[in-house]
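Chain nomenclature is as follows: A, B, C and D, assigned in order of appearance, with residue numbering initiated at 1 for each chain independently.
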Amino acid sequence: MSFNSFGHMFRVTTFGESHGPALGCVVDGCPPGIPLTVADIQKDLDRRRPGTSKFVTQRREPDTVQILSGVFQDERMKQQVTTGTPIALLIQNQDQRSKDYGEIRDKFRPGHADYTYWAKYGVRDYRGGGRSSARETASRVAAGAIARKILTALYGKVTVRGALVTMGTQGIERFDWAQVAQNDFFCPDPKAVPVWTKYLESLRKKGSSCGAIVQLVAEGIPAGLGAPIYAKLDGELAGALMSINAVKGVEIGDGFEASFLSGEENADEMRKGTKATKGKPRFLSNHAGGILGGISTGQDIVARFAVKPTSSILTPRKTITVDGAETSIITKGRHDPCVGIRAVPVGEAMMACVLADAALLHRGQVG
Amino acid sequence: MSFNSFGHMFRVTTFGESHGPALGCVVDGCPPGIPLTVADIQKDLDRRRPGTSKFVTQRREPDTVQILSGVFQDERMKQQVTTGTPIALLIQNQDQRSKDYGEIRDKFRPGHADYTYWAKYGVRDYRGGGRSSARETASRVAAGAIARKILTALYGKVTVRGALVTMGTQGIERFDWAQVAQNDFFCPDPKAVPVWTKYLESLRKKGSSCGAIVQLVAEGIPAGLGAPIYAKLDGELAGALMSINAVKGVEIGDGFEASFLSGEENADEMRKGTKATKGKPRFLSNHAGGILGGISTGQDIVARFAVKPTSSILTPRKTITVDGAETSIITKGRHDPCVGIRAVPVGEAMMACVLADAALLHRGQVG
Amino acid sequence: MSFNSFGHMFRVTTFGESHGPALGCVVDGCPPGIPLTVADIQKDLDRRRPGTSKFVTQRREPDTVQILSGVFQDERMKQQVTTGTPIALLIQNQDQRSKDYGEIRDKFRPGHADYTYWAKYGVRDYRGGGRSSARETASRVAAGAIARKILTALYGKVTVRGALVTMGTQGIERFDWAQVAQNDFFCPDPKAVPVWTKYLESLRKKGSSCGAIVQLVAEGIPAGLGAPIYAKLDGELAGALMSINAVKGVEIGDGFEASFLSGEENADEMRKGTKATKGKPRFLSNHAGGILGGISTGQDIVARFAVKPTSSILTPRKTITVDGAETSIITKGRHDPCVGIRAVPVGEAMMACVLADAALLHRGQVG
Amino acid sequence: MSFNSFGHMFRVTTFGESHGPALGCVVDGCPPGIPLTVADIQKDLDRRRPGTSKFVTQRREPDTVQILSGVFQDERMKQQVTTGTPIALLIQNQDQRSKDYGEIRDKFRPGHADYTYWAKYGVRDYRGGGRSSARETASRVAAGAIARKILTALYGKVTVRGALVTMGTQGIERFDWAQVAQNDFFCPDPKAVPVWTKYLESLRKKGSSCGAIVQLVAEGIPAGLGAPIYAKLDGELAGALMSINAVKGVEIGDGFEASFLSGEENADEMRKGTKATKGKPRFLSNHAGGILGGISTGQDIVARFAVKPTSSILTPRKTITVDGAETSIITKGRHDPCVGIRAVPVGEAMMACVLADAALLHRGQVG
């Protein structure tokens, strides 16, 4: 019954349209006593922010977040901490450019939520895509920053990070986490960066767009999170990642490739724990992506998701108007030629939220 | 907070272990007045039943379902109908063969939930896999049969069906729904059947196993089901399909392939409705798999999921015991060499349940 | 969205009609490793069972419970324990007497759910009241027995008990818990027992009925359970107790009386802890009933609920038929002249369930 | 799992502390196309606003609400309507008076949430009561205004209104809805007003406080809302009303009085419908308060709740400090001597929210 909420014990409710006065979220269920400042959240928001390169939308939004509730510090306390009450976060919209929305007001963009939204509700705030705009994902990133703090408070060092492993038809040859922050694409292969740059530049110039595949990895998550049937950690991750705008596929571990392996190949063999694994069992491979039977194994948790190409393009496409007349459409304006790029921090945030939720649920059910 | 439930308004709670006295489910939220008999449910259960060919587990379970509540007929009524109260379904286990569980009692099968279950709960009913056994999916299929009745009651003819499109490394060349019921594999290509038979027979004989990819299609679903953010129809489908045992990947429409397309290629262009579409807009393609922005378009809804190879195999694999000692394991006994086969009716059931739930939610929110 | 479920982390889903083959429940979220046998549950069911005295319905139901899942013991384990999987409980109906339901099939009993059920669903299993029968409360009592085991596992000795403090117009003068199990009425005042006996006998003979007020007390619950706004411990209790058949009012602590006190009188003053309170603050009174701001104080938790008189009576009452014609009705058959009596173990069970749920939620959110 | 949310399909999540920058709520699940302006909400907020008479807190808060999302109007639309997306409402705090919080920072007010909040979370924003302040109820009133619009859109004229039927030890002799808006107490008896004025003035002067009983009535609700077991309309109402600050008891219809009646007296006899009842059955009385078996009867829905006296008083009370030392406390500052007064619009709002939620659920489940 969660049209605009996700999570169970760590529960995030988002609100806001692309061109309304503000967007934000209410994060409910954050444990008390966790250090939290605006800077903790802003840091992640800045990685998702529009207008940071020519490869993302040119909309100018500082995405400055304000904490309205749920934290406290007085003169006796060393730092500002969460209180256990709901944390409301607000981001004012700044650059709702006054423009003519005639095209998308009256016509449906093929491949976009325009038509389905109208078919469902019979009314829509079409300005900038309204609620279906990727701007909503800023709220997710903000919530994800809080989720990270919870994971760290519970388990020590936990890392949840992502990278673009393909951009459109272009792949990578090596994977180096250290490179991801060094380019505009969250690309882990420095040699791919100039190739991707040229590729995306070319698409952007002709008003086309491309998709992407994002890989996410969480390190430091202990064994035991999740549940075997419908609160499966992989089921929750799949639902969460598929809920990101434009995502059309989700994989855990080897994913679709696993279906081509034999049982022998796919089995992640086990050895007894070592000092490096803190006595926990050691696995000789990780085809499973750190999840077996819906429950974490203690290995890295690995997921991938596929983002379709942006539907707002300059090539004319056949469509119909709100009144049912046939026409064609091109979409001018400010758009990401590859929404997969900014989906990286969004994916990380969703993974962090799912893991924090699973951690609290586990503590509740098992202790 | 739904460890063993799924759905929101159409809500299914399952229970039961592989070797306990019985398994079943409670289906809550079914509207009143819907015709429902045991035969409606048994029909689907029989498609998932074990022991029907040499390619599935040899466990002998008739999987006879009993309706304990939620339906009624008196002498004045033409037929038995649902009453709006919870429908409890019970399936007695018959063939809990008395055997030595020593191997899986004391050792963890690599690639199986054995270890994670134990890591989480510290105690487990290891007999036949306990709760993590695929026997649990019988309850899902039973619930799915009720979901189909709801969809038909609401929208007229709705078809939700599935097929195996790859078995291990073997694919198909053509897709003919009429063939799916004609072989042991839910295979839509009659030419592939003998190839698959030989392939699986060979794997079975050497005690190996393989994975599979299942495709699901729902026809007859109107535009408007789902919601744009976290009750997305595709997000719900992804979570539901990923919750099926051994599933490692889920796609909607073109899925991962969509990420390789350009915006022009991926756009499903629109034309005005015809008599064939009952006046509803017509789409020139269906890359989106019938879902845009989390809401159904009125086209066929298309999903695929990848099943990993069965982890219970005869090739020895390195593992550890419950006490942490290193050892190796082979798993004898009754297992499906390709669990993907029987996953077809399970996938259909999950899709039907998600759609019925979305239909009731839509009726509640929008009318 | 919980038509037939209650609780959040400790979640109970019940099913079954008065005259169907069986009733029962699925208890989801019980932590693993908690000792649980059929006897633990049967003990509580026997206190609610019909047919135990002439003052309750003469329907003969042994209410023998069967555990279908969720527990396990092997030869290495000292005792049967919960496994963390859903615990399904089944109670077969035995005495669905073959009789003429003509009266309640065609007419609505004033004060009963007959009319509203029909108005809502348009179809109903009227036999014995169907789903609205008090037989459904057997499932609650069974679930409550599991809740008690959880509370004991978490906090050591926890007692949740109830007593009838008024029966119809008859009250008590003293309150002695030791007396409650010594009579047919859960009456805490031995002097009231003969008075109540005569009173109820008289009502029963003339085919009338009466209501009752039940008091519940939980001892041994630590401070901190609940939450300040909508997961309030008192809000949850109120919802749970009001969900019991025939309940029309709920109070916490002084309840309605508190509204007549001044702030000075109502304040439960505090002193520092003693050995008897294990160092926890000591309160000089308990007007609040052990809950302040929705959170437990560590004192006894005290609630009361009012049960209306049974609506199935022998005095003719004006009513209408299913077809809208005016008529009158008397209800013969097997009924409790005072349903409040058997509501005592039901109330205890609901309180235990709410507390177990709050305990798990607290552990999840705060640790 | 709803620490700070209530409702199922019409779901309200509130946030904010008494002395934080702002408070507000997100209203999820409001159907699309419902006319909604700030004025619709402000009207109700103004009835709950502090500082309107000397009998309520002197804190100066205009409680001006801002709609951040979920509504839309363009030049082609006659009026602003809801879009089906979440409606976020924001109320800035204005009068967070800079003062010394030493007393409640270090000491617990007996009868207040101070201690339990601290016992649960180990940290708290004590300024003005923080999250446990009655300021949170402004968000509920705002959400309730939207709920009213939904009820009207669905059923035509629906009225949900409340009145104070006792103030402390003072009652009323007649009940005239027309009088309720004519005095500072929501008192329905004009003769009681001067008596109550004198009574409350006297309490206020000596720094004492009193409780109250509030009666709520909803007119225009059709038969069929609710569900027979755990989504009972009365169970939901009880939980919702008990969740209001300082409430200690809830009744439906005759409530506790019903337990003193005989079955004959309590039965609400039925006659066939008339033009006045639009053909729906007519009841000769309404002991049930418009709810039987958890489902509405089509009559007026009647509930009452008891509010305890304000715990912030000037009479010294024994207490302890945060560090466990014994001391005493008096609470200066701005407080309502009778919080029951401003609880009237809050109670109305909660009832409206419960009814709107039940209406949408009913539409979803039954059609």
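Some observations on this one:
What we mean here is this: a contact is a pair of C-beta atoms (placed from the backbone, for glycine too) under 8 Å apart; a residue touches a chain by one contact, two chains touch by 3 or more.
Computed from a predicted structure; not experimentally measured.
When chain centres are defined as mean Cα coordinates, A lies farthest from chain C.
C-beta contact counts were set side by side for C-D and B-C; C-D has more. Between chain A and chain C the centroid-to-centroid distance comes to 45 Å (mean Cα coordinates, whole Å). For the pair chain C and chain D, the distance between C-alpha centroids works out to 27 Å. Averaged C-alpha coordinates give centres for chain B and chain C that are 38 Å from one another. Residues of chain D in contact with at least two other chains: 1-5, 8-9, 14, 29, 32, 84-85, 120-122, 131, 228, 361, 365-366.
The residues of chain C lying in touch with chain D in their complex are 1-6, 8-9, 14, 108-117, 119-122, 131-132, 136, 166, 168-169, 203, 208-213, 223-232, 234-243, 245, 247-256, 258-273, 281, 284, 287-289, 291-298, 306-313, 315, 317-320, 324-326, 340, 361-362, 365-366. Interface residues of chain A, counted against chain D in their complex, comprise 1-5, 8-9, 11, 13-17, 20-24, 26, 28-29, 32-33, 66, 68-70, 72, 74, 77, 81, 83-88, 90, 105, 120-125, 130-131. If you check the complex, the residues on chain A that touch chain C are 1, 9, 29, 31-32, 84-85, 228, 360-361, 363-367.
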